[in-house]
Each structure stands twice: as C-alpha cells, then as structure tokens.
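Input: structures, listed below.
Below are two complexes that have chain A in common, paired first with chain B and then with chain C.
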Partner chain A sequence: MLAKSDLSRWLAALAAEFRVVGAVSDGGAPPAWRKLEPGDTPVLDNLRWVMPPKEQVLPGYEPLFTYCARKGEEEITSAVPAEEPTLMFGLRPCDARSFAVLDATYLDGRFSDPYYAARRAQMTTVAYVCESKRWSCFCSSVGDPVEWVKACDLAITDAGEDAWIVTAFTGKGEKLLEAGGCMSAATEAACASRDAIWEDLARANEHFDAQAVARAVDWEEPVWAEIAGRCTGCGICSYLCPTCTCFDIQDEECPGGAIERYRVRDSCQFCDFTKMGHGHNPRPGKKERTRQRLSHKFKYLPERSGMSGCVGCGRCIHLCPVNTDTRKIIAEVMGVHGQ
Partner chain B sequence: MDSNPYQPHLATLEDVITETSDTKTFRAAFRDTDLRETFTYEPGQFQEVSVFGQGEATFCLTSTPTRKGYIEFSVKKVGQVTESLHGMSPGDVVGIRGPFGNWFPYSEWKGKKLLFIGGGIGMAPLRSLLNFCLDNRSDYGPVDIIYGARSPQDFCYENEFEAWGGAPDTRLHLTVDRGDDSWKGNVGFVPAYLNDLNPSPEGLIAITCGPPIMIKFVLQNLDKLGFAPEQVYSTLEMKMKCGIGKCGRCNIGDKFVCIDGPVFSYAQLKELPPEF
Partner chain C sequence: MSVQAVLANQLAEVRREARRVLESGEVKTVLGYRAGPTAVRAMPALITRPEDTDLLVWSPACANNLGLYVRQAALEGKVAVVAKGCDARSIVMLIQEQQIPRESVYIIGVACPGVVDPDRLADAGIREEKLTGASWDGAEIVLESPEGEARPGRESIAKMACLTCDVHTPPLYDILIGEAPAIEPVDGLSPIPEGTEDRRAFWAKQFDRCVRCYACRQVCPSCYCTVCFADRASPRIVSKRIRGQENWMYHTVRAMHMAGRCVECGECERVCPVGIPLLQMMRELGAEVDELFAFKPGMDPEAEPVFGVFKNEDEGPEP
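Take a look at the complex of A and B:
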C-alpha cells in the first residue's frame, strides 16, 4: 500500500532508475504524456483522458535518418533512438493494452521496427485501474481489462481517501515496490476494495466476442454508407485512437544541405492516403475509408494476430464531432450478421 | 538485409535506358562492393527507391537474380519521385531498400509450360521471372510470351525481344492496340489475342501483369479457356510507403500487398475483398 502523501517520494526513487513518463496537466490543459520532472504530479484520477500514450512509442513526427548529399561524401546516419529504461506510470487498462496491439504489428518477427523496438525494449508499465468509467468507455466489451492490467508490471488501485493499493505482477514490478521504502503492508479492507474495483471493471459493459465480431464484419455492410453519410473525414478518431499509427514517409532538406527522412502520422481517413501516382485510388470515398478503419480494428487485425485492434477506450466516441458511436456500429453489425 | 529495414543502401546509377516516351529503365549498382555480390532477391519481389530530398517510391525488381552485380527497375513518369528519377543520369546516387514481398513460386513450376501475358509497363515484374527462367531454361517446358502495348512505340525491353524470341522452345507474340505503317505484327487487345492463340491449359502456368482492365479480361478469358485459378498468377500494385507491413496503406482485407504479396494466384485473389 502507498500513502497518497508518499507519491512524490516514491516517484523520486523511481526516477533514479528510470525515465518516468506520466500524464501531466500543464497549466490546467488536458493531461498529456511526458517525462515527469522533479515536483511534477502525474494525473492519477479515475478518468481516461484525451491523449493516448502512443506518442511515447511512435512519435507523430520521427526522423528515420539523415543523408549527407555532398558529392563524394554521400552517407546515411541512422536516427534509431538509444534504448533507455522507461517507466510508463499510470496507464489506464485500455492504454496499457494498446501497447500489446502495437507490438503485434511493430515487433512482427519478419520486420521488427527498430525505432519502436528501441522504445519498447526497456519499458516498464504501471497501470492505474479505473474505479469507474466515462460514458464513452467500453473496454470490457472488447476484452478483459483486468487481464490487460495483469499484463503490466504493476497496478495501482484506489483504496480510499488516503492510500492506493499497489500490486506487482512481475519480478520487475516487485522491485518497483521496494524503491524508496514507501510501501506498507496492504490491509484486508484495501485488498477487498481493490478486488471490488477490478470485478466491476471486468463486468461493466456488454461483452462482444472479438472473433464473433470479426466473422460478422462484412464487406457489403450497410452501416459503412450510413457512417460515411455523416462523417466529415476529420480523422480525429484515428488521431486519438491509441492503436491507430499509420504513417507517411517524407524527405526534407535541412539548413546546411543534409536531407532528413522522417515519418509522420497519417490517417486512413484522409482522401489521398491510398491514391497512387497514376491517379487510381482503391479507397476513393468515405464509405471505403470507414470500412477500412473499422474492419482493420475488428476484422483484419483479429484475423491476423488473434486480438482485437480496438481497446475500447472510447476516445473516438467521446470526441467525434458527428457522434459516430463505435459501440453502436458493432452492435448493428452483430445484429445483422452475428450469431 | 540490414537490421533497419527503413534505411536504404546507397547505389550508383550505371545506365539509364529510355524505353518509351514516359518510361525509363535504370540499372543501379550498390556502392558497397560486397553488397553488390551478396545482395539477392527473387523474381516478383520489389524495392523502395529513394531520390534523396524528393522521397521514395515502390518499384518491382525487373532484373533477374541470376545476373549479379546490379539491379534494374523500370519507371513510368507519373509523380514527384518518378519525375526526379527521369531527370537523373549515370553516376547519380539513389537509395535502395529491400527486397520486399513474396515472389513467384517458380520452384513449383519445374517441368511446366509457361505463358507470360504482359501489357505495357506491366511487363516489368514478368521480365524478372522470364529472364530467370531463360537463365535456367532446362528447368521449364515450352515458354510463350504475349506482350501488348498501345502502339509499336510503347513497348519496353525491345532490345531483348530477339533474345526472348530466339531462346530455345520460346515464342514471343507481340500485339498493339493500334498499329502503324511499319507494324507487321498482330493488332488487337491482349485478352483477345490470348483467345486467338488459344493455349491449352494442360500442364501450363499463366503469369499476367498489366493495366487493371487488361488483367481483369485476361483472367476472365483464361477462365473460359479452361485454366484453373491455381494455374494463374498475377502481381498487384498498391500505394506503399514502408514496404514492411507497418504504414497501413496497401492492405486488401487482412492481406498486406507488401508482405503477403505482391504475387497472388488467381485462386488467392478470388478470396480477397473486391478492393483492387
């Protein structure tokens, strides 16, 4: 158990060993993930916040290498980041799960992504278990958020006004408990409170079986045209989605003549995303692009890797300007073709 | 392959061949002399070519791995990178990363008759396989090549026609959409010419690539001629950036053209959603 008043002492001890990354509300702005500096208090409240942690493993802008173009001295200098012990502090269950989803693509054995791999290699994960959900949350519809929490090294659960109960799942997690000598023995009441929160988390939503959804999602689904009819193509769903990481690759000439090759976040919701040089575009309309995004989450990824590409964080629902609700789409798909 | 699949190898252009009014073939050799000998690939695979400062574009390897020391790719001028490439000359430096994707399952085709059906720049990936098979001529049965272009001026690889037509038990059948006064060959679209030639599907593998509309009717006609979908192969083109299944562009259903393709049998194509 950790007394809430001991949080900064514990974080200081962890910072001696790790680059500790948490969500911080700078000047009252919505919490955003960044490195915690001494004195920073990471947001550890109940609510899943706006920005997902994907930026910490796949920055929206990332140099891949620089190229020296001087005649006779042409040379490429890699920009793969150095591995660094990093501790992600306070991941919601959905966001913790998002790393597993990204791993399936970026650590694929055939072509591991060295930039992503370097950031994930020495990452330790500390979850914060939500004691209740936002109206848009639906993690337990697409999986078991308690299992996602248990896949982390450590989990923090609220145990009343004064303390958190901190649970380790790995050897790495056990070591974190020792840092700074901040922990005290968990009381029975705290353990009971934790178990109640976990149970509630697991059962709060109507459950969709990922494989059944994958089987039900159909190419000719009428719902694609329905969504496309009101979608503005703004791309906020993919911008905020913790598992949407499609990117473009571009070159830029830097001052001094070096050329930087970088990748930059892109979205399958944008009209030129798949447009080829000679003009043909296999996904020319919003219907095709909507179908692509949702089928990728709920059909293609489950078929490829066995896991849902959606972690049920609900950001796409919460912030969609035209109120498209992913839950209703799945329900409709299941209603039409399911079981 | 390097551990960083995003990082190209530097290569020097050795030769630039003007094929048609809008298409050139580039021969490039890696600067690293060891890599020049060790770099290998399979017919049907592709690469990402960098024009540093302009970006990268996807091209199939049109050369054959049986001929070492260089690689070749053919480029139709359609956009920023291709236009930059067309402005380049021997001695200029490009970046090459790859090879990526799957390849034609030629080892399963030993002893079989081969029918190549190409249209326009679509001959580029077929050329790799064709020259590979001609370099291993005794492994395969009779080879027929149907190659069509819009006009007699629109053929690529004309300097190889003699070698192709003159190889043992190999025939080259050329056709154009529109002839001119000097054209003595067939006039007509590739799918119709295929019907005229009326190949027997017995023990034959057909490999086709060309404009989507040509592929569509070639597949239909092969079907009518009695070819089973497992006897017919094609290679697909989709917008790509990474080439390694990450950037999210080139999937058709749950298959990524860059890692699960670009080569598919007609039987496999029929299983894909009708996106292409």
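Take a look at the complex of A and C:
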C-alpha cells in the first residue's frame, strides 16, 4: 500500500533508475505524456481525458536519418534513438493495452521497426486502474481490461481517501515496490476495495462482442454513408487514437544542405492518404475512408493478429467534432441498432 | 410556459418547416441537427426524406456550424439549413464569395442565445452523461437531469465563441424561429498577452502542442480550398514536420487566409483536441479588418468581400 502523501517520494526514488513518464497538464492544456520533473504531479484521476501515450513510442514527427554529400563524400547519419529505461506511470488499462496493439504492427516478428523497438525495449509499465468510467469509455466491450492491467508490471488501485493499493505482476514490478521504502502492508479493506474496482472494471459497460463485430463488418452497410455525410475528414479520431499507427515519409533539406528523411503521423481520414502518384485514389470519398478506419480496428487487425485493434478508450467519441459515436456505428453494423 | 415548452415549440416549428420544404420539393436536402451521444452533444444531420425530419433536434447542444456542408449539399439541389447566427453568417460569407447563389439555400433561421461546450461542463464539475436535456431561459443555459434543473452560469459552460458573439439572430433568413434576448458580449476573455515578445512566447507554447490533425481547417466553412496549401506536395509550401515552428507556419498562413472571412463561430477552437485558443487569434484579426476597412464578413449578402475585390482607386504600391 502507498500513502497518497508518499507519491512524490516514491516517484523520486523511481526517477533514480528510470526516465519516469506520466501525463501532466501544462497550463490548462489536456494532460500529455512527458518526463516527470521534480514537483510534477501526474494526472491519475479520471475526470479529464489525456493525450494517448503513443507519442512516447511513435512521436508525431521523427527524423529517420540525414544524408549529406559534399565533395564526393557521402554520409548517412542514422537517427535511431538510444534505448533508455523508461517507466510509464499511470497508464489507464486501455492505454496500457495500446502498446500491445502497436507491437502487433511495429514488432510483428517478421519486421521490427528499429525506432519503435528502441523506445519500447526498456519500457516498464505501471497501470492506474479506473475507479470510474467516463461516458465515452467502452474498454470492456472490446476485451478484458483486468487482463490488460495484469499484463503490466505494476498496477495502482484506489483504496480510499489516503492510500493506493499497489499490486505487482512481474519481477520488475516487485522491484518497483521496494524503491524508496514507501510501501506498507496492504490492509484487508484495501484489498477488498481493489477487488471491487477490478470487478466493476470488467463488467461496467459492455456494448458489443468484438469477435462478433469482426464477422459482421459489411462494406455495403448504409451506416457508412451516413457517417460520411457529416464526417469533416479531420485527423482527430486517428491522431488521438492510442492504437493508430500510420505515418508519412518526407525528405527535406535542412539548413547547411543536409537532407533529412523523417516520418510524421498520417491519417487514413485525409483525402490524399491513398492518392497514387498517377492520380487514382482507391478510397476516393469519406465513405470509403471512415469504413476503412473502423474495419481496420474491428476486422482486419483481429483477423491478422487475433486482437482487437480498438482498446475502447473512447477518445474518438469524446473528441469527434461531429459527435459520431463509434459504439453506435458498431451496433448498427451488427444490426442491433436500438438495443 | 416552461422554458422546456418554449424550446419544444421552436423545435416543432423547425421540424414543420423542414418537412414542408422537403415535401413540397422546394429543397433536396435539409441540414439540421439530430440527437448525439449525450444531451449536450448533437450531430449534424443531412436529411432528404420528409419522414426523417422528426429526427431533428434544436437545443444548446447544437454547436456545429452547418455552413460547412452547404457548398457540397447545394451541388445536389436547393438546400434548407437550420441556421444559428454564426451558421447564417457562414452562408452569407459563401454568398459574398460567390460559392453559392442566394437562391440555392433556404435559411430556417433560429435565434440562438449560445450553445454548450461539453468540455467546459467537465471543467465545471458537471458530468454530461447525467444530463437529460438542455434549454434556454433568456440568455441562461438550463441543464436538466433527473435531480432537476441547474443553471451553472452561461459564462462557465457556454462555447467561448458564444460569449463574445453579438449576432444571436441570423443576419439573413427565409423564416426566423424564436427570438434572441438582448445579450451583451463578454469582454476581457482573451488569454493573449500584450507585447510582442510575450505574444510570441504565448503562441510558441500553443503551437508546440498542435498535433496537425487539421480539425480547425476541416470544420471551418471558410476553409473551402480544393487543395489546402498545407497539403500541397509540389510545391511544398509548409513543412509536414509536426513541430512547433512548422505548426506555427501552418496556423499563421491559415489565419492570414481568414482575414475578412472568418465569421468567428469558434468551431476551430471548440474542436481543437489540444485546446489552442484559435478563435482569439481570429478575433484579433477580425478587429483589425473591421478597423481598417469597416467590414464584418457574413453580414450582408450584397456586400463585396473586402479582399475579394479590386478597385481602380485602391491605393497600391508605386509601380
């Protein structure tokens, strides 16, 4: 058990061994993931949504290498980052799970992305188990969030006003408990509080069965055209999605004459995303593009890797400029509209 | 009559008018709002069948600027739009800029005291999923839940653009529903500091966190370029690097394109996932244009867009 008043002491002890990363709200902006500095308080309550943690492994902008040619000499400088022991502190179950989904693309066994791999290699994960859900949450519809928590090294669960109960699942997690000598023995009441929260997490809001969705996705559903009618074609649902992986690659000249090849986040919702050099666009309209994004989450990825591409964090619902509700689309696709 | 009953009457009128123009064949499409995932989030609705007009809603949940959809919808035939002050200003802007002819649009004007920003509700400690409805009592927004009515105060829960708005009645309409109360625009809301260096530091911080999702552009009725400068690959006008200085370039160029064209509906600011106060930038620009040229976009369909006309007597640089 950890007294809430001991959080900063524990974080300081962890910072001696790790680059500790948490969600921090700077100047009223939505909390975003960054290295915790002394005095920072990571956001652990569930009142505000936070930026997806994928920025830590897939930065929106990432130099890949620079190329320089001068007087017949060619030089290529790789920009693969150095591995660094990183501790992700306070991941919601959905966000904790998102790394497994990203791994399915970037570390799929056949090909390993060196940039992603370097950032992911020495990552330790500390989950924060939600004691309540926001209106847009639907994690328990797409999987078992308790299992996702147990796949982390450690989990923090609220145990009343003054303390958290901290549970280790791995040897790494056990070691974190020792840092700073901040932990005390868990009381029975605290364990009971944790068990109740975990139980609630697993059953809180089941909207649909993700396995059945994969079988039901139909390209000709009228719902795709309906969404497309109001969709603005912005990148919010994909850029703020913790599991969307797409990027674009560009070459640009830097001051001094070197050429930088970099990748930047890209979105299947943008009209030029699949536009070919010769002008053809296989996904010419918003109908094809919105259908693609959801099919990718709910059909293609489950078929390919056996896991749901959606972790049910609800950001796409919460932040959609036109209030399209992913859960409702899925319900309609499954023909259970109105249930 | 209760405030809910007043709103219900207005909604009935909206539906009746929408159904009438569809049934008569006067319009092909009705743009309005339908219920969304919570009582304070409505969705834009594109309706083509008279029986679907029963889906329409009208309340402080109707935040989107429907002017966004008018150009596209007008390609299919005449379009009716349920238009608040800001939606109507966007329609007028499109007429001014000759994007649509006046005859292509039937404006079902609705007087609007201001809509809710659900994120501000959360900041005020109100859980939107508990709400069952929202209505107006004069300028005040009334939230309904099983526990009863609440009036948390317009200034703390309204969309920011609605607090500075001075066009609560559409400047152009074919029928007007409801009557807007007198509402004084709220001053002193701008978070932008004085002084060049402080301003530079302020905006640098804002643009640092821009993720380049382009939602600000996509929701903007004034952003109708077929290919946006930001998307052009050849020539590349602004770098695709998602990084402070390049983000700054994108926002600055976009802002300059908005001079004399932005109707200050504040949709860019409402939808920004990282909370950049874009409307404030637009308002400062709008104030400059108004001061220099006495022009406020989207008010008079006969007015020429201030940067869209050339006059021989215009002063210009010496050749």
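Just so it is clear, the second predicted complex is superposed on the first by the 330 of 339 C-alpha atoms of A that agree within 3 Å, B and C clash if a C-alpha of one lies under 4 Å from a C-alpha of the other, contacts with A are read in each partner's own complex, and residues count from 1 in each chain.
Assume a contact is a pair of C-beta atoms (placed from the backbone, for glycine too) under 8 Å apart; a residue touches a chain by one contact, two chains touch by 3 or more.
As the structure is a prediction and not an experimental result, all values here were calculated from the model.
Could you tell me if A:Val264 is touching chain B, chain C, both of them or neither one (first, second, both, neither)?
Touch partner of A:Val264: chain C, not chain B.
Contact-wise, after the overlay, does A:Leu319 reach chain B, chain C, both or neither (first, second, both, neither)?
second
With the two structures laid over each other on chain A, which partner does A:Ile236 touch: chain B (first), chain C (second), both, or neither?
After superposing on A, A:Ile236 lies in contact with chain C but is clear of chain B.
May I ask you to decide whether A:Asp108 touches chain B, chain C, both, or neither, giving the answer as first, second, both or neither?
The first partner, chain B, only.
Contacts for A:Arg48 in the overlay, against chain B (first) and chain C (second): which applies, first, second, both or neither?
Touch partner of A:Arg48: chain C, not chain B.
Can A:Glu17 be said to touch chain B (first), chain C (second), both, or neither?
After superposition on chain A, A:Glu17 lies in contact with neither partner.
More residues of chain A are touched by which chain, chain B or chain C?
After superposition, B is the partner touching more of chain A.
Could you say whether A:Glu147 touches chain B, chain C, both of them, or neither, answering first, second, both or neither?
It touches nothing on chain B or chain C.
Is A:Gly27 touching the first partner chain B, the second partner chain C, both, or neither of them?
So A:Gly27 only meets chain C here.
Quick one: is A:Asp248 in contact with chain B, with chain C, with both, or with neither? Answer first, second, both or neither.
Both partners.
Let me check the overlay on chain A: which residues of chain A are in contact with chain B and also with chain C?
248, 250
Using the touch definition up top, name the residues of chain A that touch chain C in the complex.
Where chain A meets chain C, its residues are 27-30, 32, 47-48, 51, 60-61, 134-136, 229-230, 232-236, 239-240, 248, 250, 252, 262, 264-265, 267, 270, 272, 317, 319, 321-325, 328.
Touching residues of chain C toward chain A in the complex: what are they?
My answer: residues 36-38, 41-46, 64, 68-69, 122, 127-129, 205, 209, 211-215, 217-219, 231, 236, 239-243, 267, 270-271, 273-275.
Which residues of chain B touch chain A once you look at their complex with the stated criterion?
So the residues of chain B in touch with chain A come to 3-8, 10, 31, 50, 52-57, 76, 78-79, 81-82, 93, 95, 212, 237-239, 241-242, 244-254, 259, 273-276.
Using the touch rule from the top, collect the residues of chain A that touch chain B in their complex.
64-65, 67, 69, 74-76, 78, 80, 105-106, 108, 110-111, 113-115, 219, 245-251, 253, 259, 261, 263, 266, 268, 273-280, 282-283, 288, 292, 295-296, 299-301, 303-304
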